[in-house]
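Shared chain: subunit A. Partners: subunit B in the first complex, subunit C in the second.
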Partner chain A sequence: MQPQTIWQRMLSIDRRWLYAILFVNIVVFLLSPVRLRAPISPPVQKFYDEIESLRPGDLVMISSNWSASTLAENQPQLEAVLKHLMRKGVHFTFISIEAQSRDISLRLAKRLTEEAGYEYGKQWAHFGFVPNLIVAIKGMVNDLPATIKQDVTGTPIQQLPVTKGVKSLKDYKMVIDITPSGTVPIWISYSPKEVRILYCPTSVMAAEAYTYLDSGQVKGMITGAKGAQEYEQLLGITGLGAPFANAISFSHVLIIFFILLGNFALLMQRLHERREG
Partner chain B sequence: MEAIIPHLIAQNIWQLPEANRTVYATLVVLGAFVLVLGLIPVLQALPPRGRRAIVVTVTFLAGLLFAAEFFLPVDWRAIFPKDDPTRNFLTPAIQPAQNVLQTIGALALGLGTYGLVRLHLRNVVQRRTQWGYSVVLLIAFLTMATFSIANTLAERQLLKLEGTPQRVLERGFTILFDYTLVQLDAAMFSLIAFYIFSAAYRAFRIRSIEASILMFTAMVVMIGVVPLGAYISYQLLGLPQGPAPEGAGLGTQILHSIDLPDIANWILFTLNAPAQRAIEFGVGIGGLAMAIRLWLSLERGVT
Partner chain C sequence: MDWFMEFLPRTPERLGIWIGVICTLAIYSLLYRENPFYRFFEHMYIGLAAGYSLGPLGVDVLYRYWVEPIWVQGYWAWAFVVPYGMYLYFIFSERYGWISRIVIGTLIGASAGLFFQEFSSRYLPQLNSTLQKPLWLSSANPDLTVSMVINNFLFVIILLSVLTYFTFSYEQRGGVKRFATLGRWFLMIGLGAIFGNTVMARMGLLIGRIYYILNDWLMIPIGGAQ
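Here is the complex of A and B:
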């Protein structure tokens, strides 16, 4: 049996080595104090400008539909957006069509609102889990109190100061959809035209949303952890976005490097075989 | 008849009257229960063709309600003078219909839970292969469900706990949810990164011009959208940032538009968006065709 060439060995490398290299890369750049500054992309700038245009007391619906599987991307987004909303004195309510997200977003919002001195019921509320988004949106457009009925504490939403007098989704200024799922077309299709829609997808879902950004149906977008880092920069805060984006940034480089390396090894192996006849 | 319909519409026949609402609600629920219980033996007794006819009719009528409400004009005062001009006479029926849909959606969760527990209980009772995993699943399921339901009841003030039981519930739910479920779920998903890395190294080969274009574009976007792209463009290569000043020469304009973030954004907005739009048009038309097939029960296996 002929000994393997270096190119053959490279092409048949044990995948555990690849896993180890990626793991080290992520850990090093996640913990590294070196932070690359991100240029602000147009969708993130538009997102920021839209929230800046809100006035204290305006009401925003946050559709938080992510579970722990996409926590690395959606949590920095939600944290940054909530901090901005609270800084502006904007009131907000949550809704979740993802069962796990109901608790994740509630616990995260509780922590952040307590830090900012935001009062539950008065300045924000959580409507809990609803099983069908299309039905929920259509219901909220027709009659929001009849559709939602109670918040997570069991209080009828008409009795909550934050939603007192709210009859329909039309009374909201904005919907912010934070999700790894393709729910933004549903919001676009069924929510009132006067309600502005902002979107926080994971990186893998962002490509599909550019068509809505282009048409103006989505007013702004924060893409994954990298978008969250840009948003943190705009807000002048330090959050989870920067370290996560740092690790992702260098992981991209590593993947590209290894793709090139794999192609180079293949090319060299072919040349070697041609030479050997 | 002409007098009754507007009267019923004015009274909002789709919602229960305020007076004696509990009594009416109980009667409606009991009526629905009796109807469903009565319908099951009827459906079972019917031959397949008769059963299919009932299911097809109910499916068509349910779909027709939403379609008619959407497409009918809003102002029906010419026929029903007392009607609300901002909505048609079917609009008040939409909310109760949506409540029914949400209830069915919630029932699906219960059905899924029942199926899961039944399957794993059978695994354990019959000592099937790897039944130990089913034991783990059932214990985890019961523990999480107990703490989660108790936590929700406590949030809604339906379960009033104080002192040690309250602390045990809070601590237990935090350990199970924040420190176990969330971490396991996040860890599971993050494994994909390792598979992508391994697959990209092994499978992403430049074998044709199309593959070369795809790889070059992917590389530009991957680097251009992360902070490193900006660092390479502005710090290492010293390219100017932002749009070119008005009246700038061609050379300056080119320099202002060849940085990686700008190229990546151009690819996303100018190449990706139209392609996505075309795909979504196709998906939309396909979805519409599928919806019509389901509505008219033309789809195989509907009944």
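Here is the complex of A and C:
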């Protein structure tokens, strides 16, 4: 049996080693204090400008539809956006069409609002889980209190100071959709035209949203963890976006390196075989 | 010593985190090889996810929109709604399967009606935006720059070539075929960009789990998180 060449050994490397290297790479760059600066992309800048244009006391609907599986992308987005809204003194309400997201967004919002001194019921509220977004939006446009009825604590929403006097979704200034699913076309299709729509998708969903950005149907977008990192830079805060985007960037570098190395080894092996006849 | 005492699963919250970490490691053990540990947790995850959604469904939907209106507010007519929806399950019966078609018909009718609104709100503004793209510099658009004009030209060429690629009503020949091929290339570039984003999203999933292990379980603060 002929001894294996270095190129053959490289091509037959156990893929579990690659997984292990990837794991170590992510751990190192998550823990690393090195923070790369990201250039601010136009959709993120537009997002920021839209929230900057809000006045204290304006009402915003946050549609939070993500669960634990997309935590790395949607949590930094939600944290950064909430911090910005609270800095501006904007009031907000949550709605979830994802059962898990109801509790995840509620827990996260409770922690952040407590830190900022925001009062539940007075400055923010959570409407809980709704199973059908189209029906919910159409209902909220016609009669919001009759559609939502009560918040997660069981309080009728007319009794909550934050939503007192709110009759319809038209009374909101903005909808922010934080989601790994294709929910933004539903908000675009059924919400009132005067309500501005901002979008926080996971990276995989972002490419499809550029048509909506181009047509102005979506006013701004934060794409995944990278977008959150840019947003944190605009806000001047340290959040999860920067370490997550760091880890993602360097895992991409590693994957590209593996691809180049694999192709190079394949090429060299073929040359070697040709020389050997 | 304090760290170790805090690390141990001595409180319900810590116990939950420990179970979460065990589940995570069990699911990722598939990367090493197929094993019964992974299989058990995979089935448990599917069962838990389905069971979990029943809680919010019962509290936030069935109680709020069905039980309470009937029992507290006295809107007894709502009593027929859920049984009507459940007619859908007759689809499993050979003899009474026709009953499910009544519910399916309602759903199709509602969806078709909703689609009219969706089409006008979702696609017409895009069509409008495309038709309004200025393709040359003029005094009517003082803010327009050369780069924006080039961008608009690219947009229109890509749009027309991709639409040509999807025109199957006649055989494409000569210049039309070449233009359609150009459209196919643009499509490939678009799909490549989407796939690049997919890889980024998948890395995001892994990073989310590693963050959970480091931040929540090992209590190593990351990015100013609590």
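Please note the rule applied: the second predicted complex is superposed on the first by the 276 of 277 C-alpha atoms of A that agree within 3 Å, B and C clash if a C-alpha of one lies under 4 Å from a C-alpha of the other, contacts with A are read in each partner's own complex, and residues count from 1 in each chain.
One rule holds for everything that comes next: a contact is a pair of C-beta atoms (placed from the backbone, for glycine too) under 8 Å apart; a residue touches a chain by one contact, two chains touch by 3 or more.
Keep in mind the model is a prediction, meaning the values are calculated, not measured.
**Q** Based on the shared subunit A superposition, would you classify subunit B and subunit C as clashing or fitting together?
**A** These partners clash in the superposed model.
**Q** Is A:37 touching the first partner subunit B, the second partner subunit C, both, or neither of them?
**A** After superposing on A, A:37 lies in contact with subunit B but is clear of subunit C.
**Q** Just subunit B (first), just subunit C (second), both, or neither: which does A:6 touch?
**A** neither
**Q** Contact-wise, after the overlay, does A:104 reach subunit B, subunit C, both or neither (first, second, both, neither)?
**A** Only subunit B; A:104 stays clear of subunit C.
**Q** Touching A:258 in the superposition: subunit B (first), subunit C (second), both, neither?
**A** Touch status of A:258: first partner only.
**Q** Does subunit B (first) or subunit C (second) touch A:271, or do both, or does neither?
**A** In the superposition, A:271 contacts neither subunit B nor subunit C.
**Q** In the superposed arrangement, does A:28 touch subunit B (first), subunit C (second), both or neither?
**A** So A:28 meets neither subunit B nor subunit C here.
**Q** A:136 in the overlay: touching subunit B, subunit C, both, or neither? Say first, second, both or neither.
**A** So A:136 only meets subunit B here.
**Q** Touching A:19 in the superposition: subunit B (first), subunit C (second), both, neither?
**A** both
**Q** Could you tell me if A:153 is touching subunit B, subunit C, both of them or neither one (first, second, both, neither)?
**A** Once the two structures are laid over each other on A, A:153 reaches subunit B alone.
**Q** Determine, for the stretches 73-81, 127-135, 163-171 or 217-225 of subunit C, which one clashes with subunit B when the structures are superposed.
**A** In the superposed model, subunit C runs into subunit B at 73-81.
**Q** Of the residues on subunit A, which ones does subunit B touch that subunit C also touches?
**A** Touching subunit B and subunit C on subunit A: residues 19, 22-23, 26, 68-72, 99-100, 103, 130-131, 150, 152, 185, 203, 207-208, 211, 214, 223, 226, 248, 251-252, 255.
**Q** Once bound in the complex, which stretches of subunit B touch subunit A?
**A** Within the complex, subunit B contacts subunit A at residues 91, 94-95, 98-99, 101-102, 105-106, 108-109, 148, 152, 155-158, 177-178, 181-186, 188-190, 193-194, 196-198, 200-202, 204-206, 215, 219, 222-223, 225-228, 230-231, 234, 241, 261, 265, 268-269, 272-274, 276-277, 280.
**Q** What does subunit A use to touch subunit B in their complex?
**A** Those in contact with subunit B are residues 11, 13, 15, 18-19, 22-23, 26, 36-39, 41-42, 67-72, 99-100, 103-104, 107, 130-132, 135-136, 138-139, 142-143, 146-147, 150, 152-154, 185, 203, 207-208, 210-211, 213-214, 223, 226, 229, 245-246, 248-256, 258-259, 261-263, 266.
**Q** Okay, in this complex, where on subunit A does subunit C touch?
**A** The contact residues of subunit A facing subunit C are 16, 19, 22-23, 26-27, 30-31, 68-73, 75-76, 99-100, 102-103, 111, 128-131, 134, 149-150, 152, 180, 185, 188-190, 202-208, 211-212, 214-217, 223-226, 237-244, 247-248, 251-252, 255.
**Q** Please output the residues of subunit C touching subunit A within their complex, sorted ascending.
**A** My answer: residues 31-32, 49, 52-53, 55-57, 59-61, 64-65, 68, 114, 117-118, 121-122, 125-126, 128-130, 155, 190, 193-194, 197-201, 203-208, 210-212, 214, 220, 222-226.
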